[in-house]
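Two complexes, one shared chain (chain A), two partners (chain B, chain C).
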Partner chain A sequence: MSNVPTELRYTKSHEWVRREDDGTVTIGITEHAQELLGDLVFVEAPEAGSTYAVGDDCAVVESVKAASDVYSPLTGDIIEANEALADTPEVINSDPYGEGWIFKMKLADEGELDSLLDASAYAEQIAAED
Partner chain B sequence: MGKQTPLYETHVTAGAKVVDFGGWDMPLHYGSQMKEHEMVRTSSGIFDVSHMTIVDLTGERVADFLRYLLANNIDRLKQQGKALYTCMLKEDGGVIDDLIVYFVNPNFYRMVVNASTREKDLAWIEKHAKDFTVDVNERDDLAMVAVQGPEAREIVHKVIGDKQDKVSELGQFFMAMFDDNWAIARTGYTGEDGYEIMLPADQAAAFWDDCVKAGTNPIGLGARDTLRLEAGMNLYGSDMDESTSPLESALGWTIAWEPEERDFIGRKALEKQKSEGVKQKLVGLLLEEKGVLRNHQTVLVDGLDAGEITSGSFAPTLGKAIAFARVPANIGDRAKVDIRGKHVDVKVVRPPFVRNGKAVI
Partner chain C sequence: MLIFEHSQPGRANTAQIPRDIDKVADIPEQFLRTTPVGLPEVSEMQTVRHFTRLSQKNFSIDTQFYPLGSCTMKYNPRGCNSLALLPGFTQRHPLTPDNLSQGFLACMFDLQEMLKDVTGMKGVSMAPMAGAQGEFAGVAMIRAYHDAKGDDARTEILVPDAAHGTNPATATMCNYKVKEIPTDDQGDVDIEALKAAVGPQTAGIMLTNPSTLGVFERRIKDIADIVHNAGGLLYYDGANLNAILGKVKPGDMGFDVIHMNLHKTFSTPHGGGGPGAGPVGVSERLLPYMPVPVVTKQDDQYRLLTEKDIPETMGRLSAFMGNAGVLLRAYIYASMLGRDGMQRVAEFATLNANYMMARLKQAGFQLAFENRRATHEFIVTLKKQSKELHVSAMDFAKRLLDYNYHAPTTYFPLLVPECFLIEPTETETKQEMDGFIDAMIKINEEAQSNSDLVTSAPHTLPVKRLDDVKAAKQLDLSWNN
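Showing the complex of A and B:
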């Protein structure tokens, strides 16, 4: 069973969202997602300053076997992308909820956070997939 | 649930991620495809390739039959036990399959063909075998494993014990058969030294376990694909198929044009294509910047028709992306590939990319 931290929010498409103290959010892909993909070898992160709406494809993670889109869980501006991933994409495999974060956003509407899955709903979803 | 090889339970016990592969439940990896790839390049690994189809051909006219059926010429096999890589073509020169044929004795040859093409291959072989009164016998009673890597032969020698004398004499591309149902060939699909071993299905799990105990590592089909791509070896269905000829698939070297009087299926079409000039060819691509080349991405060259990547992946040994691509025959040494709308520069190269553990590009 994959690790699904209770303090995070999730999407059906396997992104996680962490609300920071300053009101911004940090986003990555879940442990389950990196397990499905296998060894990651390339990440195309979004550019700071760009704007995305819910469900827009905004990043790409590529493993040896496949490329997979990362969808913006929320609407807002990208304030930072994880530049370390350019040289060490494998940290998404080893630490998907920590060093393996992909980008940070400033939200247009913090109320959108309520539309995301909580940990138990996401855990149920991935259990149903298996 | 798909078809299962005699090693299915072994894979599940070892924690394999099992996926459907042409109707077979096969191990994709046992944890990390990258680590498995590296182990084959630096030490050794064992692969289950029992899904492949082993076909024994027997009869007094079997050599005549194969001279007609195959684009390469079995007369190149001077000694019993030798093996030859060849294409089997349609009349129009399209590739029905690529395969290895082993010369067992003058009345007995063995072929190993792909799993995904099994039915059409057998139908084609049987149809033409009738004219030569050759018996076609699929050996689904046999399993097949490959042990590959710089330490592979040592591992196999340890495990097979009493059969060792016969095997250690094996030269490159040489097969030994013994005990009726065991065959060990110095062939492979990784660019490394090693063996492919055909053996009775009910002995496969014990042989596998013994090899793992002797120090080798289980390797899934994921790493098998990146290993063969680095080694510059074609994959049927991706890099060539019935719509492309060997001349368009970097397989011209497998066509035996001499002697001229040998009539093989597809010969006339290939001669015509050769004299008119081949318009497309299969080349290697190397991406020097970051990113990954993938199957079906478009290859762009100014002033020429677009080409297409037939096999693309990240190459673990190189730390860069590589590909095979079918492109206009007059392409130069640079091209661009469309990756999600971005046109990235690639170098056009001649595979292999890696041989015996080392980059050769």
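Showing the complex of A and C:
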């Protein structure tokens, strides 16, 4: 069973969301997602300044097996993308919830956070997939 | 060893060069190169041996069983090849006027008519050079159709999540937004999700039937009605046409446009990047937008229709009409089969796949869709082996090479974890398929008794396990002197 930190929120499509103290959110893909994908070789992160709505594909992660879209879990503006991923996409494999973050967002409506899954609901979903 | 590594300064390949050779005198001095061209310096004999050795290291349909799902690696009849190589064909220049190309154009016209007949479409253009270009032409026609009606609100193409990656790529190339439609647990398109997704913004749906999950889309009529009622068109991806050839026509299922991969279904050589052939077929309403040129027959004369004849065409895809040599091979193949033969292709392709599926199931392998019959291909999931024994689908694939079988398609479709997509095609014997199944059973035993043997495979090939991460991140294909 892969690690599902309790302090984060999740989507069905395997993104995680962390609310920061300044009200912004940090987003990445879960440990389970990186396990399914295998060794990552390329990440295309969204550009700072662009705007996405819930469910928009906003980034691409590519592994030796497959290329996969990352969907925006929330609506808002991209304030920063993790540029280190361009050279070292493998940190998503080694540290998906830390160094492997993909982008940070400023939300249009913080209330949307409540629509995300909590850790136990996400853990249940991936257990069911197995 | 690279051919450059055989190089010896001053050695040359001179056997075929005439003794007396005039100096090329009309190139001005300042344009003549002063440095060597950097080609390998080897003899003719060395060159022949080098490339013959390389070809012997290759896995190919001529040497090994090649059950690569979704690729239809069937036997390429030698007769098709020798007839397509008749001098009358090979020496025809593509700019030869129509009145001096009647033989070639007659073949092309007949192929067009046969493809129309077997797919149930109203028109066929053989201009696309390969499958991806056929897809592009198809979706460009959907766009042209909506544009001609002034319907510019249609901005979305629907694509099931089981689709080939080329489908969303094509829709994006044609400036459409892609909306993914989920699949239910039996491998069919989720009809409720489809109903919720269609609307005035729907330009069309791109569908592969049978799907990449190795099952027939059972509610195709409902899907066609839902999309048509919303004003969208239906695109048929011909990747899996081999399963239904001559048995079911995409035109009868309600499709408006289809691309065919002649290099799969019609048995022209492929692999290693082509050349391919991706003709498109269209329903009545898309006839005005077909890519040119298209062959026609008027008063017993064949000629090419161009922009003058089809003014609303989506355009040209290359300087001429498709890959002539590939189209010729497909024409000969289709003529040899005839209507009955095409049905036999579908019957034996599906029979072979179902035989292999049943035997692998008997041997304890887990199928992705236990309750469904296979089409021309089927999916085995090695999830259990991966979880319990830490032997992945990739490890099985590499070990199969040691048993002298090309691996099936691995990790596609993405919906099924640790999967093998297995497509034997109609041209394999029972003995060959049995051999492959025996190898699978043997590898499964090895995975339990000696998993290192499997996870470190291949052991018998010139190269061992390759570093696929490095190959993806630091691919270096150049030789530096």
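As a convention for this text, the second predicted complex is superposed on the first by the 130 of 130 C-alpha atoms of A that agree within 3 Å, B and C clash if a C-alpha of one lies under 4 Å from a C-alpha of the other, contacts with A are read in each partner's own complex, and residues count from 1 in each chain.
What we mean here is this: a residue touches a chain if its C-beta (ideal position, glycine included) is under 8 Å from a C-beta of that chain, and two chains touch if they have at least 3 such contacts.
In this text the structure is predicted, and so the values were computed from the model without any measurement.
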Which superposed partner A:65 touches (first chain B, second chain C, both, neither): both
Chain B versus chain C as contact partner of A:86, first or second or both or neither: first
Partner chain(s) touched by A:39 [first = chain B, second = chain C, both, neither]: both
Chain B and chain C contact sites that coincide on chain A, given as residue numbers: 39, 41-42, 62, 64-65, 67
Touch list for chain C against partner chain A, complex: 165, 387, 410-412, 414, 417, 468-469, 472-473
List of chain B residues in touch with chain A within their complex: 28-29, 32-34, 37, 222, 226, 290-292, 294, 313-314, 316, 321, 340
Residues of chain A touching chain C in the complex: 36, 39, 41-42, 62, 64-68, 90, 130
Touching residues (chain side chain A, partner chain B) in the complex: 38-39, 41-42, 44, 60, 62, 64-65, 67, 86
